[in-house]
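The next block holds one structure in the form of structure tokens; read it before the comments.
Naming follows writing order (A, B and C), and every chain is counted from residue 1.
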């Protein structure tokens, strides 16, 4: 067994915490418990959530998480700890899906979103908070039914009302959206500008382009 | 995503196949896959079951299982591979159960309500102030404990008495209700009309049918 | 090269989708759209759709009008004086901006789809249920949206439910037995109703007395059971196992006794 490391109790800000941990956990024990709690929970666990619940300094938990993540990433491991929606989540590695399928029948096929639904979701992700009329305006189609589907699947949620005439409801993406799409946070989304470049590259005739004056792309936020 | 059913990985005759492995798996890959399948199946997997499904020699799989079991048994691991009912199964180590239970208790759970509670809360939110008999009248059914649950969770509060026979108590939603649902004030609640508009406009379903051909989008609405 | 119209009809999610497809398939420079020919192709598509009885939404018609309007503006000689004031505005500019924006989100949607594909083959097997007590396990994760849905469902149900009207003045015990039958019929056996609430719901003293007698009658005949969670707690009423069998008989006998 690994000797208990001399670890100054540091919190996130790098300051020593005054409270003594309730359980005296040595490093190996802490690591084991962190692994166990990530294994059992269905939602991504944030590092500070773990630290608070276990009454441990955030820095210590952070170190454990880093170590665990690295260990799971080794090629001879079938599981992986990924950072999703601001937390850590255990799952099988995508590359083994063929083999896993041989063991587990009826892997519930996820309801697939149609392209219009995905486009609407993308729009909301990049322009949030945004109202339904604004979504329809940009998409150029009457597709409010898509919004209902996204709400039903908890990929988007309401976010108050916009202070304009009629006070329309604002929508934003949810934590579930980050989970379903494996995103750490919204800033992990590529910027819209990158998609523009992509579109322009697919334009094969290399005609001189009048550089668009005002780049309409925004940073994801 | 969660698998639902375990499929015994035996071929029709229920025998281990002699055929050469279809996938050439190196040792690290095999180990990773075995770890993944033991994690994902809820029922214990027998060694020969795994060997058959992966078309691997039983001895090789046995060795992998032994190695995995030994690795998980290290003190800094929170999980363990146990032999149960002639098979292998991943679970948390019993010595951490106390800590895990404490951890789960500490998790701030999402606002969860039973369907009767949700319906009652919805009625109170939209019709407040409202009396218990009125709620009963509209819902048609009324669990006796629902109002108490909502009161206990501080989602509703009393708001005086109604000046009718029996002077029934009036109920209204609380500040905690607003906090839980992320509302600035009650005017941010979506109206039924807004909600119906979302539904009515759902001309095309946003859920994709099992993808036909390469049509990039759903039928135009 | 195949005709640009050689596509599966009605696969477009709106006019922007169609236009973008026409432009990209023919490798047209989006910043210099030959508006006349694109308009013609667009109208041909609409015509083909009409022939095949494919209904196009109003947005397709509106876009056709927009295209024709742009085309006519392109044909008009430009007034150099006006250009000085308003700036050299290309009549196509707004459309191009919308198309580019649309394309960006199409690409973003594809990116999301790719990410989703990876997620779909990464499986989790959380075991939290083993560590939850029974009561914690139940319940829904709720949002405002669920709240509106629940409200709508309740109103819908109330609208469709045949209400058993108890007249105020001459209400009787059999009336109240029928009333209780109505209230309990669709209730699951495990769910208890608050007796207090049932009483509060009555509009007259006489109705309350009849309800009280009806409850006593049904409890005696084992159609209902009384429950109480804690001492001095609210009295609840639940269906007895034999609810269905005993209720009819109770009613028949009460009709004779209480006339």
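Just so it is clear, a contact is a pair of C-beta atoms (placed from the backbone, for glycine too) under 8 Å apart; a residue touches a chain by one contact, two chains touch by 3 or more.
Everything quoted here is computed from the prediction, not taken from an experiment.
Visitor: So what shape is it, when you link every pair of chains that touch: line, ring, star, complete or other?
Guide: The chain contacts form a complete graph, every chain touching every other.
Visitor: Among all chains, whose Cα centre is located farthest from the one for chain B?
Guide: C
Visitor: Measuring from the mean of all protein Cα atoms shown, which chain centre lies nearest?
Guide: Most central by this criterion: B.
Visitor: Taking each chain's centre as the mean position of its Cα atoms, how many Å separate chain B from chain C?
Guide: 21
Visitor: Need the CA-centroid distance for the pair chain A / chain B, whole Å please.
Guide: Each chain's C-alpha centroid was found; their separation is 17 Å.
Visitor: Report the inter-chain centroid distance for chain A and chain C in whole angstrom, where each centroid is the mean of the CA atoms.
Guide: Roughly 26 Å, centre to centre.
Visitor: Residues of chain C that contact two or more other chains, please.
Guide: Expected reply: 13-14, 57, 119-120, 122-124, 126-128, 131, 141, 143-145.
Visitor: Could you say which residues in chain A touch two or more other chains, in rising order?
Guide: If we look for residues of chain A contacting two or more partner chains, we find 39-41, 92-93, 100, 104, 107, 110, 113, 115-116, 141-143, 151, 157-158.
Visitor: What residues of chain A sit close enough to touch chain B in their complex?
Guide: It is residues 1-2, 23, 27-29, 31-37, 39-41, 49-50, 52-54, 75-79, 92-93, 96, 99-100, 102-108, 110-117, 120, 132, 141-151, 157-161, 167, 169 of chain A that touch chain B.
Visitor: Could you pull out which chain B residues touch chain A in their complex?
Guide: 1-7, 9, 23, 27-29, 31-37, 39-41, 45, 50, 53-54, 75-79, 92-93, 96, 99-100, 102-104, 106-107, 182-184, 187-188, 190, 194, 197-199, 201-208, 211, 216-218, 221
Visitor: Which residues of chain C touch chain A in the complex?
Guide: 13-16, 24, 27-32, 57-59, 63, 97-98, 100-113, 115-116, 118-124, 126-128, 130-131, 141, 143-145
Visitor: Help me check something: in the complex, which residues belonging to chain C touch chain B?
Guide: Residues 8, 10-14, 17, 54, 56-57, 60, 119-120, 122-128, 131-132, 136, 138-155, 157-158, 161, 183, 186-187, 191-194, 196-204, 227, 229, 234, 236.
Visitor: For chain B, which residues count as touching chain C in their complex?
Guide: My answer: residues 1-3, 39-40, 42, 91-92, 97, 100-101, 104, 109-119, 121-123, 125-126, 131-133, 136-145, 147-148, 165-166, 168, 181-183, 189-190, 192, 195-196, 203, 213, 215-221.
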